[in-house]
Structures are given as structure tokens and as C-alpha cells.
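One structure coming up, written as C-alpha cells, with questions to follow.
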Amino acid sequence: MTTRKPRIGVFKFASCDGCQLTVLDCEDELLDLAERVDIAYFLEAIRRPLEGEFDIALVEGSVYTPEQEEYIRDIRQRSRFLITLGACAAQGGIQALRNFTPPDEYPRVVYALPQYIESLAKSRPASDYVPVDLALQGCPINKQQLLRVLVQMLLGSKPRVPNHALCLDCKRQNIVCVLVAQGKPCMGPITTTGCGVLCPSYDRPCYSCFGPAYQPNPSSLTRRFAHLGFAPHEIQRLLHGYYSQAPEFREEGQRYARS
Amino acid sequence: MTPQEVRLQPFPPAGLPDPYCPEPAVIRSIETETPGVATFRLELQNASRQRMYRYQPGQFNMLFIFGVGEVPISISSTPGEQAGIDHTVRFVGTVTRVMERLRPGDVLGLRGPYGTGWPLEQARGQDVLIVAGGLGLAPLRPVIQTLLARRSQYRRLLLLYGSRQPMDLLYQREYAGWVQQGLELMVTVDRADQSWNGRVGVVPALLSRVSFDPTQTIAFTCGPEVMIRFTVYELLARRLSPERIYLSIERNMQCGVGLCGRCQLGPYFVCKDGPVFAFNRIGRFIRPEHF
Amino acid sequence: MPMSGGVPPIGQAVVLNKTDLGAIIEQLWQAGYTVIGPTIAQGAIVFDEVHRLDQLPIGWTDEQEGGTYRLKRRDDKAYFGYAVGPHSWKKYLFPPRLSLFSLQKTQDGFHVQQNQEPVPRYAFLGIRSCDLHAIEIQDRTFLYGPHVDSHYQARREGVFIIAVNCSKAAPTCFCTSMQTGPKVERGFDLALTELSESFVVEVATPRGADLLTGLPYREATGEDLGAAARVVRDTASSMKRHMDTYDLPELLYNNLEHPRWDDVAKRCLSCTNCTMVCPTCFCHCIEEVPDLDGQRAERIRLWDSCFNPAHSYMAGGMIRSDIRARYRQWLTHKLASWIDQYGVSGCVGCGRCITWCPVAIDITEEVAAIRSDADKRTKEGSP
Amino acid sequence: MPDPNSDRSSRIDTPPHQGDSPERIIRVSTLARVEGEGALTIRLCNDRVEEVQLRIFEAPRYFEAFLRGRHMQEVPDLTARICGICPVAYQMSSCHALEQLAGIEVSGPLRELRRLLYCGEWIESHTLHIYLLHAPDFLGYESALAMAQDRPEYAALVRNGLQLKKAGNAIISLLGGRAIHPINVRVGGFYHVPSKKELKQLGEELKGAHDLARQTVRWAASLDFPAFEHDYEFVALRHQAEYPMNEGRLVSSRGLNIAMGEFPKHFEEYQVPYSNAYQCRRKNGGAYYVGPLARWNLNFDRVPASIRQVADETGITWPCRNPYVSIIARSLEVLYAVEEAIRIITTYEMPDSPAMPYQPCAGQGAWITEAPRGILYHGYETDASGIIRQASIIPPTSQNQLQMEGDLLRIAPQLVNLSEQEAALRAEKVIRNYDPCISCATHFLKLRVERR
């Protein structure tokens, strides 16, 4: 095994900073982690120039400006293993709702002089530009999942992240199904696990801030929502939320947008 | 009607050993076989446990890497031939990738042996036809060695073996010895290179080149599932009856002891009812895809 | 003739005031049992620790149909006037998440430290016949194979069981089809049948009899026994769902490529809910959870499901790579290969998988569809 | 001049002098230890400040645009995503504005729980800034990790800071489900409220935090502060009885005292012709100062006497006009938040219902709450079914931006005789006093001070 400490960089694109904050939220682990790895670039926490190559790049945020297109390519070239953090980097994030609108609409709404705004027409995931080795899902990512992946890498194994439906972990926690017992529109059956089953454990339906599970079946679930009395625009908003650009959610949501 | 406390059987005694518990095992040697494949010779750290360790050709062990997890690996050495237990491993999975970095003297975990072995007794007095593909030769190597050690008890011994390319052929250094001891060996590769002047083609195709007497032959096969399928169909077409065809199935064993349910194939738990099955038991369940 | 005070005879039935159940609960706790029973939480009747009578769902019931469950008030004060809820007892004997042991790295390898946490001694209050059968079925998996699951064994042995004969069948129940209810037949210490003011209590074991000692019970009269029998009979006759189990394994094995699998795959979410609520499903996975410094690791056992794609994952791909294959695996295992494996069906007709399927897939309907079509195809003379 | 954007490194660099031009440029191409992305350029000519450019190149994410068409009940979840550091602030301003719109007022235990949640965020966000972002400026390090690795006493200091931060996150996690983007906040209250038992356990965890918070004030007071004072207009909420979080009137150190709904009458967002930045200023054109120092200066009479005493022991005369001292104000607010959290936990009674019901309706609502970095304004307009038609969000960092620019202009003369490296660092420190949260800046900011 290598004796050199792995060099880690944390890189930000269009985002709320929440996923990289997750690193600093590892209050019990942060200093030990800094002993095991060399956190060589992390602008939110370290005043140090960007230089050299990285064993692991942690990339937060979506690609949303012309400079960011160049930046993501640069980061990829510098990095052996590139992990995206969160919904923005994986699927464009909440700001990718703009992707459904004409390019000039949003700047006009927000700015008096929209012609000065420099952003791409669409908020895109890193994987639209470069190969991504692993995507940690979530808005924001789960701290335990991040640590688990880093430990797996330190042990020399290929990190894997479970992507089954949230329901499995919901029932492992003995939570009563909020969809069946309360008729609430829970996205759990088509949402990937990872959050720790937060919403159902707080008596609210999952709103899919972790995105689609592996091989989801959204049309069956949304038929059920419609049967329970939810209107097409309500169903559409559920699908077009934090993972609106995941193909399964995007297409199913557009079906309801049209109806 | 008198209600009574009725149980199927008395409960087994409490305090039995935990079936999931690995034992430390030391790597005695690592032999690189082909690119990305090596044979690990292991010995249980506890010497008396190692002395008591018994297995049959065809069985497997769960190997364990600290902090990473376990992986089922078939035993590729021959019982009684040597001190350690051999496992031929391809470095592809979560656990095996880490194994690639281990060195002799390192310790990993082992529990087993698990599963059923090849029916060597049933093969006595018969022609034995072994058909293997790729890494599928590993669990058959102890069969070959055992049969050769008792050569006189069997009639013809045939091995049909193939791999993707010449450099992927396992145990090449042993072929000459096997042939010398009376094994008929046919080797093929899917894709040849300049170094290769042997046969090219898939393994089941080799079958058409050999003749055998279906009433006196028993066949053992192991390899990729597609290869097994075509081999079996060919053997059946050549009138070998299903109970004379044995195959070793690969599934994702996790507990190894028939509890976790992951390796189910129809009514069977591959880990405890297999991995070696007679085709007449398993045939209807390997035909539907993805079952 | 009052018998109060003495030890009731084993194998006979006595009559007890309903409120005296409170004393039984109390005595069980005093005897060192952790009493688990029905209680209301999260909008459902679930199982949890029960210390007092008022924790029971007295006067509550459930309304169930495919994909829906609602808690409702009854117009009486019935203690057990509901069918089965989202929880099964397996969560106690086969916990959804269990730390098996921890491993510590040492100079010359590693050392295994078994989890030393004491295992509770459980008393199950209010277990129904279907669930009692389910426990027997899980016993076959975990206790009577070549390898015994020591963790299950430690929890299972010595469980005190107070069963209840069902006075109500949910529309999703079909235990009569599976011959698993509604009357409890065996495997309990005490069995209650609820009448309007009292319980008729069958006493099956010495420890069950001990528990009644000192309570103001009386011998059951013929009238009491008749009333109790009527409760069960009415429940059985009100059962709305049925499954024709005739030659079911062969039917399914012969129809592994039936088009119905494609149809159900369009509806199935592969969300695992049916397997999680099923009282017999036992699939699990093992996880290795290392500490940050890599010196210590914990081995965890978690409930898993054949609907989890990772369940059939091997390096190189998934065996059951689509929802069709996963649903087919579940249904054929439950109703066919289970019988090959354990000599009994894996289904006890509790109906949970129907109620708790978010999209209301109904196992009885799927089987009926395959059967009717298969029958039709046979009649038409095609294979 | 090269576009600072094209150079993505945080290199603190100096372009070569061109011939014998007297021009010097001090550039920080990417600001470190702030949330979000900004750049800073100061152009000097003949030792005179020619230009100060604070450019925030955080990509625009257009929250106000995509909020239109969403249902009001979704808003607290959506606006949380503006900022991962202070999501609770966004949720609180959203909820209050929409409750005002719907005509309900959340009171009793639910009001207390919201205050508790906000305490958690103040503790977490302030501690993050004090220990991980600001401390390295005072102690001369690139990061808190470098501090910890360099000296054992700093390792202990950072460890303490992390533990205190963890206490804040524990509050948010219990009430909100998770520390970042809590899932349990809704218009009208919560989805699920904690039991007394759960809160009691949390109270146990906070006991240690109280000691750490006192130590933090003492440690912060021991730092050296540059003499740098200015007569700012401090703006904050002020409540009749409490230290302000979710409610109060808007007051300033120059006598402003208005209902929060009148904010648009007295403050304006504007876009200047040479920039597409929205900034906020007093309608009279003046810059103003929001955040912990402003809050403390205007409200220190609203904390318990014991905390006022701790504040006096720092040796600082309050009100204080030195932005470097904001680290003490921040640490005093942490101490207050810990005590307030303990008070709420101790007196908590579980409410009958986790939320107050409301009817979606057409209307307008606006509210201000005190985010860790200062006042946060949200205004909404809905249609009859509760769908958002208009949203306006003014985060504290936009409001402080003109002030930061002012501080840079004021400090610039002092940079003249410093090396570029040193000058850049000094300029950065001025910015970091404000704990700017650039990700919060929902508007795309591009500030230029044109050469005259």
C-alpha cells in the first residue's frame, strides 16, 4: 500500500456550499481525517493556491458558467479519482429547473439589465463534460456516506454506494409507510437511499432530494398519486424538484406538465 | 381438542458458534497465474485448526479482507496434497481488488469450507469429461489432480478448456504433467495472437471434436454461465443423460451457509445445495434467463 | 364453579375478565420478560413495548385494502378488534439491523469480539395464528438447517407467547387459503379469544398456567367455548380474499415465462415493501463497517430483499437485472421453491404484502391471473 | 487586465510591472475561507487608490425566478438551498413571510422551537466562522487544519471549536432532521415535533457547549485587533423583550425605527450602469452594516446580565465600531444562543399539533429575520391557490457589500507600503470580518469601481 497520504481537493461550482460544508461538519472526524489524507485544496477552509495533482477530487456544484466548463476539465486532468458531491454536480441541482425555460426568461425575471449576466443556458452535471468515477447523491450529501467512501478508498477498495429504493431502509427502521397509512405522496419507492430516511421518520413524505433509485418505476408511482387525488401539476412538481434532470424524473414530469 | 405446545423439533442448543465469524489465515505464497489472476496459498493461523481443516474438490471458502468484506472463492488445491489451501482469484471485485495488494505473510480471514463437491465416487469406472472456461478451471483443478492421482480407477480423462486469449489460460505450467499422467487435453481460445498456434473458438465447440460413450461418461463443467449453457445443450444433444452432467454454478454467496438467501436458484441455495449440481436437478431453473 | 387462585389445568380453557390482562402484562415484566404488544404509533397499530393496558389499541381498528391502511375508531371497546398491522414479529427475533460482532486489527491479524449485549427475553402479546405460523416457518430457516443462526436462536428460545384468535379479518387476509388461521393451533403458552366482556383463555403450557395463578378466572362453560368458536368461525367465513394453492409450485415453475410477469413488472416499484412487511421473508445482507482509522470494523446484518437489485449482484453484473425477474423470484420463492426448501409454503396469508404495496399489487390476483390463463391455455390445447 | 475569472487559482499574485508605469495591482483571484466564490482587485496608482473591485463570480442560480409557479408549502425547502451554511435563516424568513401572507401567527411551543432551531444555526454558523475561517487570520495560518497540525494547543482549540459547532448541528439535526437543509420546517410550524425526552437529551449535550462558548468569548477577547474604526450605520432587528431572531422592528444606530414591512420604503436594491450587481443601500444612498456586530451593538441590553458581564470582561467598550471585533460579537452571540437553547429546552411543553393549519390564498407577505450574517428579507406574492407569483430575497451579504467595499477603500492607503502578498492578505481579512456568504447572494454580483 502507498505510504504517501492521498492528496484530496475540494472544488466548488454552482452550488449552495452545503455539500462541501459536509466535510467541515465531520466535527468528530475532521482532524483525524486531515492526518490520514492531505487536504491540499479546499477554498472554503484553506487559503492555499491550486496546484499539482489530486488522488481524489471532490466536486460540488453544477456547471453553469463558461469558465466552469474549462474548470471542470482542468480538475479532471489533475485528478485520479473524481467524485461528485450532491444533486448539483450529479444532475444539475435545483437551479437546473431553468433548463425547462427559454434561456433569456430567468435573467429577465431577476435582473433589470439581464444582458450583463454570464451564465450558460443550462445548469449541467459534471458528467456532461468529463468522466466521473463516483457520484454521491443528495441535496445535500450524507456525511456518513462521504466518510464511508473515503474510508473504503483508504482501505484500497473500490467504493460503492447503495442505490436501492428508500423504502428498504425505511422499513429497516420500522417506519410505517406514510403513503399507504396516510395517503401522502411519498417519493420513497423511486428515490435512492442515502439520506437515512429523514422525511418519513419526521412524518412527512419523501420529496426525493437524493434522486432516482436504480431502475425506478415512476409511471407506476405517479399513477398511484393521481389515483389518490393529486393533480397533474402537483405530481409534476414532485418530479421536477431537486433531481429534475435525472432522465426518469424529467420525462415523467414532462408527461404531467403536458396533461 | 387439546392445544399443546408443538414444535417441529427441539431447539438446537444455545451458544453455537456464530456462522459468520472468520478466522485469521496467513498468506503463505502468491503465484501470479495470468494477468489479473493469482493463486493465494493460505493457512489458518491457528495450527491445530489448520491440521483439522478438511475439504472436498469443488467446495469454496469465504475470504475476508479487514474493513472491506468477504468474497466466496472456490478452493483450487487438492485435499491432502499440500499444507495450505489454494484460491485462484481474479482481481475484479470490491474485495479482490484489495487482495491484489497483499503480500505473503499478510493475514486475511477465512471461513469454510462450504458447499458440495464434485461426485468423484460416482465417476469411478467412467470416462470423465471435464469442460472448463476461463477461471472455471480453478474448482476443477483439484478434480484433475485427484483423478490423475488415482488414474487407474477411471477410464478416459478428457479436459476441454478455453479462455478468451492465450495469456488467460490458467495453470499452463501444469498441462504437460497432466498429459503425461494420462489426461487428454484440448485447449482453445476465443481470440488468438501471434504466439498461438492452437485451436481458436469457443469451448463448447470443442465437444464436436471429441467422441464419447454417453452410457459410460460423466461430465463436469464450470465457467461463464453462457458457456455452461451451451456445453450442457451440446452434451444433452449427444445423448448424455442429465444426471451424468454436473455443473458448478456461480452466485453471489454472502453468508455461505444457506441463511442469507442471496444465492438462490429456484429451490436451491447455491452455497449449501451447490455449487456443484447435477443437471437433472437444476436444469429447469437455469433455462429462464435472469432467474 | 370458580377456580380462582389455583393453578389452572393445562389443556383447558378458562374465562378471565378483560381488564385482568393488565395483571398478566405486569407479571410478565416482573418475571423478566420484555412484553411486546400492539400499540398505536405513526397512524397504525404497531408492535412495541407494552407496560400497561391503556397502551393497547382498545377501541381501535384498521381498514385495509390493497395499498391502503387507515386507523379507525371502533364503536366498542375491543382490545384486539383489528387485523394485522405493518409490523411483524420478525423484527424482534430477526432484527432489521443487528451488530453481529466487531473485529479489531492486531499485530498478527485480527481479533473477533462477539457482541456482548444481552438479548432480551420476549413475551409476545396478541400474536395471531398467521404470525405464529410465520415464526415456525422462520424457525425452519434459521434453526433447522445444517447451520444454525445463533443470533436468531438466542432470541427465539424461551419467547413467551400469548396468542389471540382473530375476531376480524381484513379484506386483505387470506389465511384460510393457506391453512394458517384464523384459529391458533399450536406454539403458544396462552391463547385468548375475545368476547364482549371477557377472554376465553386456552392454557397450553405450565408457564402459561403459572401466569394465571392468583387471578380471578373461572372455568369455561360450554356456552363460553361455543361463543369463542363462533368468533373464529365468523372470522373465517368473512374472509374475502382467497388463493387457490392447488399444485401451485408446478403451476409457477411451468409458467416462468408467462406474460403476466411482464404485466406486473410495469406496476411493481421493486421498492421492497412487500418483503419487508412479510413475516417470513428472511433474506439479509452482511455489511462491514470500518472505523475511520481502519483499525476496527463492525459486522452488521441487515434485512435485505430480492427486490434490491444489489441482492443478486456479482462482480460482472446482476443476475436478476430487471423488475420482472425480481418479482418472479419473490413470488415463485414464496409460493413454490419455499416448499422445496422447507416443506411448507412461505406465505401465511396475512395479506401484509397486499396492504403495504404502495401500488396495491395483490399476490392472490397475480397467482389467479397466471392460473386462469394457464388453465385457459391448457383447455385450448396449447402447452 | 486579464479577467480574474479565467484564473481559477487562489494564487495571490502580482502581475509584472509594465515598464516604469507607477501602477500596481493587488489581486486575490479567489477569496479563501468565505462561503462561495469571489475575487478582489485593488488598483493603486502613485500610491493612490485607483480602483477597488470586489467581484463575486458565484454563478447565478435564479431562485427568485424558479420560485414562481411553485406552491407556497414548497418554499421553505427550496429557499434553504440558497445557502448550505445558513439554510435555517432562509426557511425562517420564508415561513414568516408566507404566514403573514396567509394570516396566521405561530406562537407558543412552536415559536419556541423555531427560536431553538435558529439558536442551533447561530451556534453552528458562527462557530464555523470563528474557529475555521476567522481564527487563522488572527493566528497567521492558511487554515484551522494547519493550526491544529502545527501546535498542540491550537489542535485543542480547533477541537473545542468543532465540538461547539457540533452542539449547534445537534440542535438543527434533532429539530430539522439534518444539519444542512433541514427537512422538518414548514409554513405553520413543523412536520414533527420532538418529545420532552428527546429535548432533555439534547439539553445534556448542550451543557458542555456552554463551557466551550464561555471559553470562546475569552479566547476571542485575547486576540489582537487592528485599530480600525468607522462610524457605520448598524442595522438590525430589535424586539421588545428578546435578543432578536425571528421578530422585531428594524432599527439602526442612526435612529431608524420601522416595522419590518417598511423595509422597501427605506432601503433599495439597485443596479448600476457599469455593473450587473444588485446592491442594497439606504434610500439616502448610504451604506449600512448588518450582522453580529450590528445586532450586538443595538441589542446587548436584551441578553441576560450574566452575558452582559462576560461582554464587559472582554475589555471592549460597547457599542463597538471596529469590524475586526465582530469575532467577539459573534462569540457572545454563540454564548447567548447556547443559554437561550438551554432555556427553551428546559421550559418546553410539547404542542398539541406540529403545525398551525392555513389556507393557501392570494396575497402578499414580507418578513425579515436575523440570519447569522445579518438581516434577511423575503417578500412573496401568491395567487389564490397558493402558487408563488413573485419572490424577492435580499440576503445579508448583498446588504453588507457596499460596506465591505467602503472598508477596502478605507484600508487601501495602509496597503501602499506593503508587499503584494501582505497587502492582499490584509485586504482579504477586511472582507472576512463580515463572514460573507457569497453563495447566499442570489443575485449575480459584479462590482467595479471605475477609474476616475
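Structure notes:
Every chain is named by a letter (A, B, C and D) in the order it is written, and numbering of its residues begins at 1.
Here is the rule we use: a residue touches a chain if its C-beta (ideal position, glycine included) is under 8 Å from a C-beta of that chain, and two chains touch if they have at least 3 such contacts.
Just so it is clear, the structure is predicted and the values come from calculations on it, not from any experiment.
Following the contact convention of this document, no chain is adjacent to both chain A and chain D.
Interface comparison, A-B versus B-C: the pair with the greater number of contacting C-beta pairs is B-C. Farthest from chain B, judged by the mean position of CA atoms in each chain, is D.
Once CA atoms are averaged chain by chain and compared with the all-protein CA average, the nearest chain turns out to be A. For the pair chain B and chain D, the distance between mean C-alpha positions equals 64 Å. Inter-chain spacing, taken between the CA centroids of chain B and chain C, is 38 Å. Distance between chain A and chain C, defined via averaged C-alpha coordinates, is recorded as 38 Å. The set of chain C residues touching two or more other chains comprises 290, 294, 304, 322. In chain B, the positions touching at least two other chains are 66-69, 94. Taken pair by pair, the chains that touch are A-B, A-C, A-D, B-C. Of all residues in chain A, those touching chain C in their complex are 29, 32-33, 36, 147-148, 151-152, 154-155, 162-165, 167-168, 171-183, 186, 188-190, 203, 214-217, 219-221, 223-224.
Chain contact summary for the complex, chain A toward chain B: residues 1, 151-152, 155-158, 160. Considering their complex, residues 2-9, 11-12, 14-22, 24, 26, 45, 66-70, 92-94, 96, 107, 109, 250-252, 254-255, 257-262, 264, 266-269, 272, 284, 288-291 of chain B touch chain C.
Of all the residues in chain C, the ones that touch chain B in their complex are 11, 100-101, 103, 105, 108-110, 112, 114, 136, 139-151, 153-154, 156-157, 184-189, 191, 202, 204-205, 253, 256-257, 282-288, 290, 294, 297, 299, 301, 304, 306, 311-316, 319-322, 324-325, 328-329, 332-333, 336-337, 340-341. Every residue of chain A that touches chain D in the complex is listed here, in rising order: 12-22, 24-25, 27-28, 30-31, 34-35, 39, 42-51, 61-62, 64-65, 67-68, 70-71, 74, 93-95, 97-98, 101, 105-107, 109-114, 116-119, 123, 139-140, 195-196, 198-199, 201-204, 207, 209, 234, 237, 241-242.
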